[in-house]
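A, B, C, D, E and F label the chains in the order they appear, each numbered from 1.
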Amino acid sequence: MSRVVHITRRERFSAAHKLYNSEWTDEKNQEVFGKCANSNWHGHNYELFVTVKSTINPETGFVMDLKSLSDLLKEKIINHLDHKNLNLDTPFMKNIMSSTENICVAIWDEIQPDIEKKGAELVVIKLQETENNFVEYYGE
Amino acid sequence: MSRVVHITRRERFSAAHKLYNSEWTDEKNQEVFGKCANSNWHGHNYELFVTVKSTINPETGFVMDLKSLSDLLKEKIINHLDHKNLNLDTPFMKNIMSSTENICVAIWDEIQPDIEKKGAELVVIKLQETENNFVEYYGE
Amino acid sequence: MSRVVHITRRERFSAAHKLYNSEWTDEKNQEVFGKCANSNWHGHNYELFVTVKSTINPETGFVMDLKSLSDLLKEKIINHLDHKNLNLDTPFMKNIMSSTENICVAIWDEIQPDIEKKGAELVVIKLQETENNFVEYYGE
Amino acid sequence: MSRVVHITRRERFSAAHKLYNSEWTDEKNQEVFGKCANSNWHGHNYELFVTVKSTINPETGFVMDLKSLSDLLKEKIINHLDHKNLNLDTPFMKNIMSSTENICVAIWDEIQPDIEKKGAELVVIKLQETENNFVEYYGE
Amino acid sequence: MSRVVHITRRERFSAAHKLYNSEWTDEKNQEVFGKCANSNWHGHNYELFVTVKSTINPETGFVMDLKSLSDLLKEKIINHLDHKNLNLDTPFMKNIMSSTENICVAIWDEIQPDIEKKGAELVVIKLQETENNFVEYYGE
Amino acid sequence: MSRVVHITRRERFSAAHKLYNSEWTDEKNQEVFGKCANSNWHGHNYELFVTVKSTINPETGFVMDLKSLSDLLKEKIINHLDHKNLNLDTPFMKNIMSSTENICVAIWDEIQPDIEKKGAELVVIKLQETENNFVEYYGE
């Protein structure tokens, strides 16, 4: 009998960003985004949790080699986010509001095809911005 | 393409309570609830996690304004639970056994209509009582 | 109206293990499992989260008595894993690669019938091996 | 050469209490203690950290047997605090304001002679009330 | 007998910064500070722990009113750091390299006189930058 | 004015070990060490915190370059402990009871001269074995 198991890898990155809609006045940005619109930026230690699922490989006992998953995340995601400015430095966030929601969806789009190529299914991307809030994207 | 994202807000409250079924003898209460039936109460630091989902607003990048969600939770929930006695002080726990399960369901019922009015869908209420146990209610 | 609530109990165990496929050469084991194949073993503090669901018992406010769940987990699971060698000492891991995935599935198989006898439904077993990875098994 | 090492044991308790000075009016209590003066109590999950020091016993490698330290803490402290009302149920808090500071000092006084009898020196009692505040008493 | 107790308050702030010595070439900055020198900034969720000590006030059981300490920290420190750029926006970090060490010392200098005025003694400022590193300043 | 600041680096390792005094009978080992004497080993995720102090380098704002400290810890300590058997594989634990106390002191002895060569002073080694216990060695 083959069992389907979920496995989750945590990675971390520290980045600067701001929330700012360039089609709005400064006043409107201040009103909607508050201190998150600070023109000189602010930043966070983000925690990223990537969950994939698959049947267990009987020879290894693994759903997926975690080192291989971690290497993929470092190359495709962490290298472009860690110690970067999400609004200015990250190719896949170009012209996208850097809300936690949008970063989370962008990460899904960046890695989903690679996870599939490795024979697993991407289940959910969870992105924690502070100890009081996180978002999750299930691919809907 | 519009993506559906889950967002979770954590709030905390410190409260007193006891587990006691007034239709039972003290002996039966002691037998079923053990030290949780202590007549002079005990208490916990509870952690509340409220998860809602919606498509992303393209102008803000938000599923829902977190400050607005936090304000709602403070007004409707935390004000009635924090530094209170759940059995004696909390209107929406009147005549309800103050188990973590029942508190969790009561919180759902208190805020579900307001979340809907804000254009999002309430997904799950998670309530952590100690580091070793938590409950979740998905509205079933 | 009867509500279905999920309740989760955390237990912990500290164990030794190694990843090693006896049908492979040492070189292949080293290549696939890296430092996890260290012949003299290594070990972890594992965190186990067991989630069950049921309607709430109106007399107690409980989905399931947590002490009874904890006692079951200690007797059937923790006693066989804590301060043990998962490859050598654990009856239900005999001849099974001790990957986190396989331990998680084995725990499900050990306790699922007992949870059912108690009138609840086992929802998910989560097993955290380090702060950077965990697996979940939903019975699929 | 004999080395002096510190060892710390964590224990937890969940208790109800309130801050109330019976020589003051309700108004003054409310003004000074705010929501902590709620007449029907509130409560916390407290974390207690007890640190002792001694030279290492060369036969065991131990500063002190942790099981013996934990047993002492359970018998002398946790049994009187866990699932109790600190103002009403705890003998060593009789007629003492149940501030975190006073609980911490009272725990020191309760166990200091026993630690000494076991051949170790009590260094510090740390008591964490919420994730945002804790107190420490070094015996000064 | 009057006992001296330490009390610690935690506050949090999310800020952007970079490490850059303007008297050095870009190459030297890159060599010494690595990714921390990223010209477009990066950021962190900082955790600040402020520890003060004093004898216990017999009327309140307090070393110091925690709300008053928290208010002071918010007014003097958090308002100038949270959702700010430490290099550009923070008055007390003007012309100071924004290393965790220097931020920690600057916070000490900002609040030490106020703590003293409140009748307590500032013991240590601890500043945690990531889960893997923190600094402490004891006023030496 | 030159300020002395403490800086702490956390590293982690996962290892197998057992507590066993070879001059004792199995019965005596069982009696003293209990389940920690399991002949087939057990293991832990250890957390190591290394604290050093020094004046701040005015050019960098650093007490010590954290990357250099981390590299030293990886080379001298983590490489010999992570995914190893502390009793069989670790050169600096040869013929030493692998109690948390002894590991902590051994780590001090391994790195103290290197910290001094880097111009800083080693203050304390903290080693956390489980969430309920840790030891600290200050060089006494």
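We adopt the following convention: a contact is a pair of C-beta atoms (placed from the backbone, for glycine too) under 8 Å apart; a residue touches a chain by one contact, two chains touch by 3 or more.
None of the values given here were measured: they were computed from a predicted structure.
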Neighbouring chains common to chain B and chain E, by label: A, D
Intersection of contact partners for chain A and chain C: B
Angle (degrees, nearest 5) of the CA superposition of chain A onto chain F: 180
Pair with more cross-chain C-beta pairs in contact, given C-F and A-B: C-F
Cα-centroid distance, chain A relative to chain D, in whole angstrom: 42
Distance between chain centroids, defined by C-alpha means - chain C, chain D (Å): 34
Inter-centroid spacing, chain F versus chain D (mean Cα positions, whole Å): 28
Residues of chain F engaged with two or more neighbouring chains: 131
Topology of the chain contact graph, where touching chains are joined (line, ring, star, complete, other): other
All touching chain pairs, where touch follows the definition stated at the start: A-B, A-C, A-E, B-C, B-D, C-F, D-E, D-F, E-F
Chain A-touching residues of chain C, taken from the complex the two chains share: 19, 21, 32-34, 96-102, 104-105, 131-138, 140
Contact set on chain C toward chain B in their complex: 3-11, 51, 56, 59-63, 65-67
Of chain D, residues touching chain B in the complex: 12, 14-17, 35-36, 38, 40-45, 82-85, 88-89, 130-131
